[in-house]
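Notes for the one structure printed next.
Chain IDs A, B, C, D, E and F follow the sequence of writing; residue 1 opens each chain.
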């Protein structure tokens, strides 16, 4: 980004959705990945999209999904939004280059 | 258990702690693992112990840990309790046989 | 580069009932095809075992991808490749497997990647 | 079986900075030693790379297990084995590594398992 | 009976293979049951190791009919028995 | 420049290795940087493939000083450049 490239969208799926769990408490001397993404997104106006099917399966829900499934609590971190795989396909076709980070 | 063997304790650690997330919503046609463990534990009076350090790191907290870390919500499923690795070492030394299930 | 043959290639490398990667990969391929992207699918290594017939995942209260694979012909996703070396390694006869697929050598798979805009590995 | 040499053997197979398995394994070994269980530790395959000196995990804002390894001599955990074949494969000189450890052949590691009540692999 | 080794993924085979001793049993579970088709890898097993595979895991993956002669399929109940008959269980 | 292949674990090497074509680059990241010490595996790389490794990942694991001559360490900024110079990026 420092070199003038722009990032269209960051799409979290598979195990990647676990980053969006607002209840993560890593030990104090380790990087808090959820907060690191939130900061980066705020500084550079990035869109952080979490695959809704992968998230639900792994117990990451926003207020709306929690209500829909009759759950008392929700835990999607601020700055992240839930959406479908169509957003991933859209990004693939819109961006010049797609770089994937696998687990 | 049907053959008269008894189970001393089930200890969840590493990725295994994710089973204790009360907010998991697998698709309806898949096994709800959290609920399956709860049922098994109730039927056979099993102790389900979740490694507290592994759980905190992965965003699984009970009401007490949530309060201690200033979190609004908690998500440890009923029937599970958080405890330390000492419980694992105790089980190893008490049981005739230890069987591990890895990820 | 000349105009690519495919917009997206999805490579499935996982054996049957190994977590959710294969299903998530297949979902991605199907959504891509639905959005009118030219999409290809390749089964690599242990991934070819997804095509073995007669799987009974309900035996483990699990859901495989075989029922989804059988529905593939109804999507616009007819380019399906399999890893010929893996088929040989596992002693699988291509004709005994699910789906209309084309066994491909490593070199043919390399060319497939070279003629595709994006490749995702699951 | 004759009285075992060890109550617990912890085998570490992960390379440095590969998730939390190595740390969780080492934690288990240390808690075991603290509870006065006779405990042994073995580094297998890529696990031997944990013992390479001069690692700088802070470079990635991560935490390795090297500082914990340096503290091992202060616990009652002196039985440390390394996979001799892996050391050779990675061109590592046993004397250049962290910790006082004993390189062991596959056969010696097999005997170690046979003389230990419980073995956990991380 | 010596050790019962449980292998649940072929990724871990290289480590496990070297620590198998004559008299041990190797039980293939979950995705590792696909090894029954991999003749080349099976030949690397040391002699004197009994090879078992979980029947339900084979069935679920359509491999029950393809079992080679050297592999014995066992039920969950037989698995429990095997863990008790072995001196120790080692899970990879 | 053809494809840039990113490999982040040696478990995935067997698949990746077969799909590397002459002219491609292979970038080792995360734990896969340990491959730089594994001479036997490196010899299996097809000829005409440039081998790169992330400098920070090497440094973090104490491998910077042990880099063999055939491997080029690159910074994060060079990595970004490499993804743009390549025709496509394939992550294993």
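Rule of thumb we're sticking to: a contact is a pair of C-beta atoms (placed from the backbone, for glycine too) under 8 Å apart; a residue touches a chain by one contact, two chains touch by 3 or more.
Since this is a predicted model, take the numbers as computed values, not measurements.
Colleague: Return the chains shared as contacts by chain A and chain B, ordered by label.
Modeller: Joint contacts, listed by label: C, D.
Colleague: Of all the other chains, whose mean CA position lies farthest from chain E?
Modeller: Between chain E and the rest, the longest centre separation is with A.
Colleague: Farthest chain from chain C, going by mean C-alpha coordinates, please.
Modeller: Most distant chain from chain C: D.
Colleague: Weigh C-E against B-E on C-beta contact pairs and write down the one with more.
Modeller: Contact tally favours C-E.
Colleague: Averaging only over C-alpha atoms, locate the centres of chain C and chain D and give their separation in whole Å.
Modeller: Each chain's C-alpha centroid was found; their separation is 40 Å.
Colleague: Go ahead and note the Å separation of the Cα centroids belonging to chain E and chain F.
Modeller: Between these chains, centre-to-centre, one finds 34 Å.
Colleague: Report, in whole Å, the distance between the mean C-alpha point of chain B and the mean C-alpha point of chain D.
Modeller: Comparing mean C-alpha positions, chain D is 27 Å from chain B.
Colleague: List, in ascending order, every residue of chain E touching at least 2 other chains.
Modeller: Expected reply: 88, 91-92.
Colleague: Considering chain C alone, which of its residues make contact with at least two other chains?
Modeller: Touching at least two other chains: 62, 117-118, 120-121.
Colleague: Where in chain B do residues touch at least two different other chains?
Modeller: 27, 57, 98, 100, 102
Colleague: On the basis of the stated criterion, which chains touch which? Give every pair.
Modeller: A-B, A-C, A-D, A-F, B-C, B-D, B-E, C-E, C-F, D-E, D-F
Colleague: Taking the touch rule as given, give the residues of chain B at its contact with chain E in the complex, in rising order.
Modeller: 2-3, 5, 96-102
Colleague: Would you pull the chain E residues touching chain C in the complex into a rising list?
Modeller: Interface residues on the chain E side: 9-10, 30-31, 34, 37-40, 56-57, 59-63, 65-66.
Colleague: Going by the contact rule at the top, pick out the chain C residues touching chain A in the complex.
Modeller: 7-8, 20-21, 24, 27-28, 31-32, 35, 37, 117-118, 120-122
Colleague: Considering only the defined contacts, which chain B positions touch chain A in the complex?
Modeller: Listed in rising order, the residues are 18, 21-27, 56-61, 65-66, 69, 71, 73-75.
Colleague: Applying the document's contact rule, which stretches of chain F touch chain C when the two form their complex?
Modeller: Interface residues on chain F, with respect to chain C: 2-3, 12, 14-15, 18-21, 87-88, 90-92.
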